[in-house]
Amino acid sequence: MTAQPAVLEDYIARYSRWGLWGPDDQLGAMNLVGPEEIRAAAALVRDGQVISLTMPYDQTGPQRGGLRSNPRLITTATGTDVLAGAQDRLGLGSLGFADDMVIMGTQTGTQWDALSHIFHKGRMWNGYSAAEHTSRGAARNGIQHWSDRLVMRAVLVDLPVLRGIPALDDGYAITAGDIEEALAATGVSVQPGDALVVRTGQMAARRGQWGDYAGGDAPGLSLYTVPWLFEKNIAAVATDTYGVEVSPNEIDEFQPLHQVAIVHMGLAFGEIFDLDALSAACAADGRYEFMLAATPLKITGAAGSPVGAVAIR
Amino acid sequence: MTAQPAVLEDYIARYSRWGLWGPDDQLGAMNLVGPEEIRAAAALVRDGQVISLTMPYDQTGPQRGGLRSNPRLITTATGTDVLAGAQDRLGLGSLGFADDMVIMGTQTGTQWDALSHIFHKGRMWNGYSAAEHTSRGAARNGIQHWSDRLVMRAVLVDLPVLRGIPALDDGYAITAGDIEEALAATGVSVQPGDALVVRTGQMAARRGQWGDYAGGDAPGLSLYTVPWLFEKNIAAVATDTYGVEVSPNEIDEFQPLHQVAIVHMGLAFGEIFDLDALSAACAADGRYEFMLAATPLKITGAAGSPVGAVAIR
Amino acid sequence: MTAQPAVLEDYIARYSRWGLWGPDDQLGAMNLVGPEEIRAAAALVRDGQVISLTMPYDQTGPQRGGLRSNPRLITTATGTDVLAGAQDRLGLGSLGFADDMVIMGTQTGTQWDALSHIFHKGRMWNGYSAAEHTSRGAARNGIQHWSDRLVMRAVLVDLPVLRGIPALDDGYAITAGDIEEALAATGVSVQPGDALVVRTGQMAARRGQWGDYAGGDAPGLSLYTVPWLFEKNIAAVATDTYGVEVSPNEIDEFQPLHQVAIVHMGLAFGEIFDLDALSAACAADGRYEFMLAATPLKITGAAGSPVGAVAIR
Amino acid sequence: MTAQPAVLEDYIARYSRWGLWGPDDQLGAMNLVGPEEIRAAAALVRDGQVISLTMPYDQTGPQRGGLRSNPRLITTATGTDVLAGAQDRLGLGSLGFADDMVIMGTQTGTQWDALSHIFHKGRMWNGYSAAEHTSRGAARNGIQHWSDRLVMRAVLVDLPVLRGIPALDDGYAITAGDIEEALAATGVSVQPGDALVVRTGQMAARRGQWGDYAGGDAPGLSLYTVPWLFEKNIAAVATDTYGVEVSPNEIDEFQPLHQVAIVHMGLAFGEIFDLDALSAACAADGRYEFMLAATPLKITGAAGSPVGAVAIR
């Protein structure tokens, strides 16, 4: 952490979009995705292939307790009850049923950060006070504002494949140059309103032996990608790591890219995406752009959401 | 309930697809949706419009407790904590964060039934024993098998608009003739592997004053649509009611359509879908077919899943 | 609400115990219960009778959702699983087991308010700032500080029995005179460090048809009992209502007795206690004093706790 | 595991109490605790000392996820909200409040096993079928039947102190002889209806570095204490380990003592009790008998319960 946090304030001064879409905006960079971009996304569907980008929500996940625990499925009616006659008294004839609940952190597995997830100096996206997020949830910038969003064009930047390595090293800071190199190698270009999907290989390397995957050191986007993300009008970034950006952080601030990109630029950050099957599919046919359909759950006031994310290509 | 349950056994004998896709199949009618169908779905995206089909997951939902409660958001870090200095000890610099969890029944709001949700005489889809569903969840037919599915072509059958009424009456049994009439009026035809999305108007009529919406009388598909659903190779049915099929039931069995269509035909049933915005959009331009992107959460072993469902058109 | 809130500030000025037991005290009026008082409590055990004062924690409780929901038991291993052979793979021999979890508000049923539950002008018991209670719980005055408390002498004031009525009217404000009258009629006197247990009959009147029992109008202690509670050195008050004090409130403040008695006097308030069996037992033999054993769960940082409360007599 | 399971069946044949208290009994050995025993318990209160036997319910507990997770406190209203003005809209005047919920396994910390927790060959206490325990909980032998129980005389058997060691070795099987030796050394005798509280020192040795404390090897009661427990009419056994009995098990059966003592003798097993403060107090004055007040929560249908357990002496 040798650089000065001055870069943080400098980036905020130069790249903040607060007010750009009006004082009441709660969509952020999703405003960059309009009808034209959505049509362009759908036009990428050529093979009729659907690939899940979501890892299983269950007790095998990467969390280790404390703030965040792995999702827990709890059954409220079971097939074994049916066989034991426990549903007989309900008078359902030949029908039996199973039912269940989940207890899950909104950010414990594959997920989108809502714009209410991160504050910079007590303010969130578009300048709303942190006081708008209370124990009752977010009165501003809740994830529900994206309940008809996150359907968009996306490009995969697959650095391990590009480099011929299993995974980037923990602590590797991905630069705009790295991204451009990968795009050039795969012959795709980013468009305004795109989702940038970056595979680091860390999930593949850690799967099942998570260790400190959730919260520890990781490869990820450099803080210094901010100008590139801004100029390219990237609307969303998703990675196969727990926090999109490189860790340890490059300056003496925690998650400085979150502070600029989420709070001031309004980007959607997607974390813990499982990109390995997508990687294989893209490598097989050389097509690194696809339609992303990854609409979060409409959970009122939530700071994030799990998602059944798919790449359609 | 004047008809004999004989129809149930007759339908099962004639329309069961057990074994059709092999003894280990856990996808059911999703097998009907292949690359060609997915390409056809994407080809329906013309205006670049995305419409949410999911109602809010919060305490304003239709559940009344007991087996199923409305979703509950619980915050584990808040903006107010940030303002009060409670995150200072974490050493995060100028960053603050909010975090949260949800406790939710998988079937309390907009949701898909998994093929493990319903049993007929102690068996679920493809003949698996109900013993495969225990307090640990579903060892067979869990919702995770559809984590790359439910992206498909869909048609909207909007009967209230067709009839010029706010909503069908509770207890109204929608027939194959009704469906065909609506399709003809809107100039669309169903294709194999389609999702049939049926709007009854009940959600619009009950919204905010739910009463017995979740579990009470409702308009819905007649049991006697089974031959039509089978012959048309419909892969999914979604409605704006809690249970797809008409209630009270037409024969002396509980949810007989569930017993045939889910257990024996392998269909995906989508319930509590919010179809009002879609209704308005379709009425505005007369196009009643669209791309449905409604992939469930990859919750291992779950009997259903909430979903961020969207119509793309 | 005709009286002036001036009484609130006047009572606080006269009766606040902040600092009485040192600047770090987190026990409040439990300091009034020492070894002598505990011995005196045990000496009240004559018949060897134990009576539960706790109502069932289940979905039949009085809550109606929103902030507080009724407790929910969720099973994680069942007897029906055992019968279906689902535990066979565990290799437990002839043993089978059931297991479960609860999701419950700490204050949804029979419970004690912790001293961190209520703030007056942003401060809690002993003057600690409300900033000490964050989304992680209470750093001060959490219920765990009473994990070796709430074993004490108690007296029952059973006003419906005294008056020969089923229940006091909703909105009836119980005065010090009412309490003294009941004590005199039953021949008991309060001692320093006692728990004052007051039965209003409201639970008996509402049981199973709760309506607005949790949060609505109720009989309860008058704000004007403050001087009496202070002078008698009462350490805890428990009632069969949701909030100890009368509702509607007598002055233009919400729960003013909470603001004085909990925040400034450090009392333990016990709510939703089921006193009907105790009432019958006391009426049968005329003994209205007993040993109370009602230690809360040692939940770190909690603002309240459910309790397996018993009267021993 | 060299002995034959024949001993299990032999013990059951000789010591089963099924039917002893009638075919509908759901109290088990708690029937041994009557008025006389309760008076005797209260008579042990001499110093007016109350000692908590409950460890903190929080994320520092011994569980490691999977079937059982450590208790989780979740706040639903916070002091920081109050300070940020988030409760202003509620119109509460100068009052603010904190509120919270817990999600906790009933058996993840200090707890009592209910008689519905364990099955032997598909049957639980008094012969009820395991079919009586479904996903809705226990229709028989739920913990609520003890909501006016577990107030009783208790003796502490403190083997580490007796032996002058920090803790018994994992795998050490405590015999009736060991217990008698400790009782003799401390000059106390057990009485019918007593709780036998056995300290192994394992909690002291593992506290904060739990490792496999919950579920791994442990010192504990030998299966061969069954005749002694039966003849002495012990009603409850509590230890500072996760499972009362020694692990690894002495015969080729899982938790054979549970199968005999809980299922067939109806004993209350108390697990993960924190006995270190009690140990110090007993050592200080040499009195090893006390009044136990450890009534479980009245959770309808639960297979166990957390408890605010105290020793009163």
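As written, the chain order gives the labels A, B, C and D, with residue 1 at the start of each chain.
Criterion: a residue touches a chain if its C-beta (ideal position, glycine included) is under 8 Å from a C-beta of that chain, and two chains touch if they have at least 3 such contacts.
Just so you know, these numbers come straight off a predicted model, no measurement behind them.
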Shortest path length from chain A to chain C (each step joins two touching chains): 1
Contact-richer chain pair (by C-beta pairs counted) among B-D and A-D: A-D
Proportion of interface numbers common to chain B and chain C (over half same, under half different): same
Distance from the mean Cα position of chain B to that of chain A, given in whole angstrom: 25
Whole-Å separation of chain centres (CA-atom averages), chain A against chain D: 45
Shared-contact residues (touching 2 or more other chains) in chain D: 75-81, 83-84, 86, 101, 103, 130-131, 134-136
Contact footprint of chain B on chain A as seen in their complex: 5, 8, 34-39, 41-43, 45-52, 54-58, 60, 67-68, 71, 73, 75-80, 82-83, 90-107, 110, 116-122, 124, 129-138, 144, 147-151, 252-256, 258-259, 291, 293, 295-310, 312
Residues of chain C defined as touching chain A within the complex: 74-76, 78-81, 83-84, 86, 101, 103, 135
Chain D contact footprint on chain A (complex, rising order): 59, 65-66, 69-70, 72, 75-78, 81, 84-86, 103, 130-131, 134-136
